[in-house]
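Read from first to last, the chains carry the letters A, B, C and D; within each, the first residue is number 1.
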Amino acid sequence: MSFRGVVPPLVTPFRPDGALDVAGLEENLERLSSHAFSGFLVLGSSGEAQSLDEDEKLALITAARRRLDGRPLFAGTGLESTRATVAFTKKAAERGIDAALVLTPHYYRASMTDEALRRHFEAVADASPVPVYLYSVPAFTGLPWPPGLAEALAPHPRIAGMKESSGDVALLGRIVAGVPASFEAACGNARVYYPALCVGASGGVLSVANCAPAASVALHAAFMAGDHARARLLQAALLPLATAIGTRFGVAGIKAAMDAAGLHGGAVRAPLLPVSAEGREELRRLVDAAQAAAAPA
Amino acid sequence: MSFRGVVPPLVTPFRPDGALDVAGLEENLERLSSHAFSGFLVLGSSGEAQSLDEDEKLALITAARRRLDGRPLFAGTGLESTRATVAFTKKAAERGIDAALVLTPHYYRASMTDEALRRHFEAVADASPVPVYLYSVPAFTGLPWPPGLAEALAPHPRIAGMKESSGDVALLGRIVAGVPASFEAACGNARVYYPALCVGASGGVLSVANCAPAASVALHAAFMAGDHARARLLQAALLPLATAIGTRFGVAGIKAAMDAAGLHGGAVRAPLLPVSAEGREELRRLVDAAQAAAAPA
Amino acid sequence: MSFRGVVPPLVTPFRPDGALDVAGLEENLERLSSHAFSGFLVLGSSGEAQSLDEDEKLALITAARRRLDGRPLFAGTGLESTRATVAFTKKAAERGIDAALVLTPHYYRASMTDEALRRHFEAVADASPVPVYLYSVPAFTGLPWPPGLAEALAPHPRIAGMKESSGDVALLGRIVAGVPASFEAACGNARVYYPALCVGASGGVLSVANCAPAASVALHAAFMAGDHARARLLQAALLPLATAIGTRFGVAGIKAAMDAAGLHGGAVRAPLLPVSAEGREELRRLVDAAQAAAAPA
Amino acid sequence: MSFRGVVPPLVTPFRPDGALDVAGLEENLERLSSHAFSGFLVLGSSGEAQSLDEDEKLALITAARRRLDGRPLFAGTGLESTRATVAFTKKAAERGIDAALVLTPHYYRASMTDEALRRHFEAVADASPVPVYLYSVPAFTGLPWPPGLAEALAPHPRIAGMKESSGDVALLGRIVAGVPASFEAACGNARVYYPALCVGASGGVLSVANCAPAASVALHAAFMAGDHARARLLQAALLPLATAIGTRFGVAGIKAAMDAAGLHGGAVRAPLLPVSAEGREELRRLVDAAQAAAAPA
């Protein structure tokens, strides 16, 4: 169970009436399971966790747990208050997740001092039945990750690692230099996955792994094999897709790209808007290009 | 029922064990009711709505509704998804709120285009049993309010107004110029309440009204009476308190200032941190100075 | 000589070949002199000072000084280094300016601590033969004005006031509260001129005064006469023009609006681009609307 | 002559009286010339170009040209206006620079559209007697580099490459993917030099090369030799020094670190402040650690 490899942050399929489509999630898991992922994440930012209620979240965990048998299952459990995060992490652990990904609280951002964040993560880790991974994604939270915080938290016996999604490779390098080798510093930004590995990232939680699984896994494998030329080529092949999703299409883009790849993407929940027909066509081309690069030479 | 006057965005008191302190809320309402407020708001940003679960939120509404008899009660009902916002707005309406304040969704901020926000507010207003007020607070959401959006939404029969908390007086002036006189454009930033009234704000939803109610109401009354000299003096007296809360102490500061003013402020929910002893002393002085300015000459 | 009234930050006309058009400046001064301005500023941001060399700057000062006889002439003299600012301020003073407007250095913005800025302004004021006004314009410099800096510098015998152009009325209110009445805190953002006056601004350095001089001066006069209704109306009339210039058209927009008003606007220096024909038409309408509001009732 | 290797952006030494110390520059060049740099840059951001007048700039170029004999000499020649940039680039070329580094104009940042920047760079390149390199450094300019601009400009016969200093490795990867192999995309941020090379950067213009020349050159050599383990180690050794300079100490920190390394750093021009004694000690330790990593195993 680890972030030492690629982990797809699974999207949450919805039925045409807007209800949760658990069967869609199960089929996606089935399809994605043929790739050499090191684990699966539900309830991340790509999973529209912010738009799900607690019952839906627990149903997703239960379904994923059942499908994955013994393979590692991570779930995003972070909420705005420490109290609610602890409570939900416990419920998620009861449903069988292997580890919890805890997002930085951020609504009261001016109050999220280093000390406030440190206490929050410590309190959650103290109470969590399962290992905890820190999670920073400034593009969504508006909150930069404070220098030194991962290093201060790494000694906690229940804090296993971090997902750092800013795309700031230097930050990841600094974190890697300041934590023990057992701390898993995962890159959460597919635009810089290869350079992040170069500076010591343990693996990646990559939204493009939902729609370009072969290329994502191949990049990791090439790096592990010391094949920098191929890793660089695969990164270049993934970059346009990752950039399109990261800067223009968002979660709706991941889902449209999954549709293009023959998986269950489908609709997003409002206020997110669907991708236009032109956008879907562009994403289809980007998926094809990324996956083509992963084909055996 | 209106934002034509001052509305305090009520804080949410907690018991020492961290549970909701409904009696504390009721005592605050009792005390604040002696001031000439035009209504009361629960579940705003000052109310730590982001840290409350749904049962707690509904309990607060129920208690406030009971205490206020016929006086106007507003509640923040905005959540990240349109679906959840509609559902909760209906539940809040069933508990008797007079109007709902709907925060801009913001987690997927890059996807919150003008169209996404417009559709969100329209869908909520279409479904809401009670009038809806738009709510923008970039300091918390990281999302600037798009030019023209209030103007586009103002014709909706169930959209009654807006709370604009950025402190950008020019933005408020532009909104006022583009909406009918019946649209209530309230200022949500006490640092600029008097200048906001000068450019046409209908009233204010002011966190300082929790701890400096007399000065807040007096400022509004002075402006309505055409006494600009007194309004300016009261604004100057409120500015240091409002600045201290807005830029340094946050919600914990509002609560500490209420403690200083003899109301139930009390603890905040983590990850928010309590105000230090020095900070509490500073806030006490600022409250005293603000309230002194409101004393009859 | 003062910022107690409206001061136009004059644009710098260029000839078709790109050279300085001193005669154009003189004609603008002639035309604008019929309005009740409290002074004139050359070499501000609206004057494209960043695109002028020293000889051109001194030629502009000389021409303006000659035209204005005894009327107050201000000049922007701030450069990135303290040394260069001191040297140029002295040269400008020799050409007869009445006071110098000193922009915050900003290229090394992370190094522009409160202390760095304080020492810079003190050193310039110590060496300047003429009174000094502080100048902050975050839209151009990317540097917010630090709380307390104006208050710390106000006692300096040669620091006479400040031009604060952020549009943050609360900041202006705080500055006014912390400096002696002799310190002139001018608003440099026409979108909030009326509310800025309400919280104590001494006057305004307003780019719209170049193209809508009558409305700008009338707003100030209405406020001074206690006619808040008319001041608010004039502010509302200037707001669309000021917003269009401030957020979309920039300096090229001021110049196009001057052309529309019958003054010498003309070309901007590259890399600034000229306003399109549609933009010019829009600016013409906005100028007409603003000036119409100033017509006697 | 190229950015295919490491280029130090030379600092500008000053004498105790604040005047230019040309002899100091010459000694630094003498000392640094023993390292395998691919060229030298004067008048970059590290060279306090913003605080130098034209005579000083030309004197620096002349001195550097004389000292370097045939080795490549680059100079920063970008100014706010196209006209001034062209004029100064020509003067610099007359003094013998091999190529000009042209900074994005940025004061009127809202007006710096893709088209405005493209036209600026094209006009400068059209007029320049020497090859031109584009230069983006958002930490100083506040201006992000627009997607597609380097790609659009790369075909120009006199545009030879770019210095991209944001630290955004994904951006560099995108640029590399969109330009011909002859276009030299140099990394201007030492915090990510190794990962930047991994995604295709041609070389680096690194401020730490002034104070840790051996480690900077060794990192490049290790990468070229395919020794990723050593490159990663050297990057990790340079990261704390580069971070300290980049985020806390600025140009004054580079100079203090040079003093620690036995070169002529010396004073900065105000408003930059000198590094404190504690800061100098910290920088000495960071320089020692970085250089130790470069020692032969």
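Worth pointing out:
Just so we're on the same page, a contact is a pair of C-beta atoms (placed from the backbone, for glycine too) under 8 Å apart; a residue touches a chain by one contact, two chains touch by 3 or more.
All values reported here derive from a predicted model rather than from experimental measurement.
Farthest chain from chain D, judged by C-alpha centroids: B. A separation of 35 Å divides the Cα centre of chain C from that of chain D.
Chain A and chain C have centres, each the mean of its CA atoms, that are 49 Å apart.
In chain A, no residue touches at least two other chains. Inter-chain contacts occur between A-B, A-D, B-C, C-D. Contact residues on chain B toward chain A in their complex (touch as defined above): 18, 45, 48, 50-51, 53, 80-84, 105, 107-113, 115-117, 119-120, 123, 139-142, 247, 250-252, 269-273.
Residue ranges on chain C touching chain B, taken from their complex, read 167-170, 173-174, 176-177, 189, 191-192, 194-196, 198-200, 226, 228, 232, 235-236, 239-240, 242-243.
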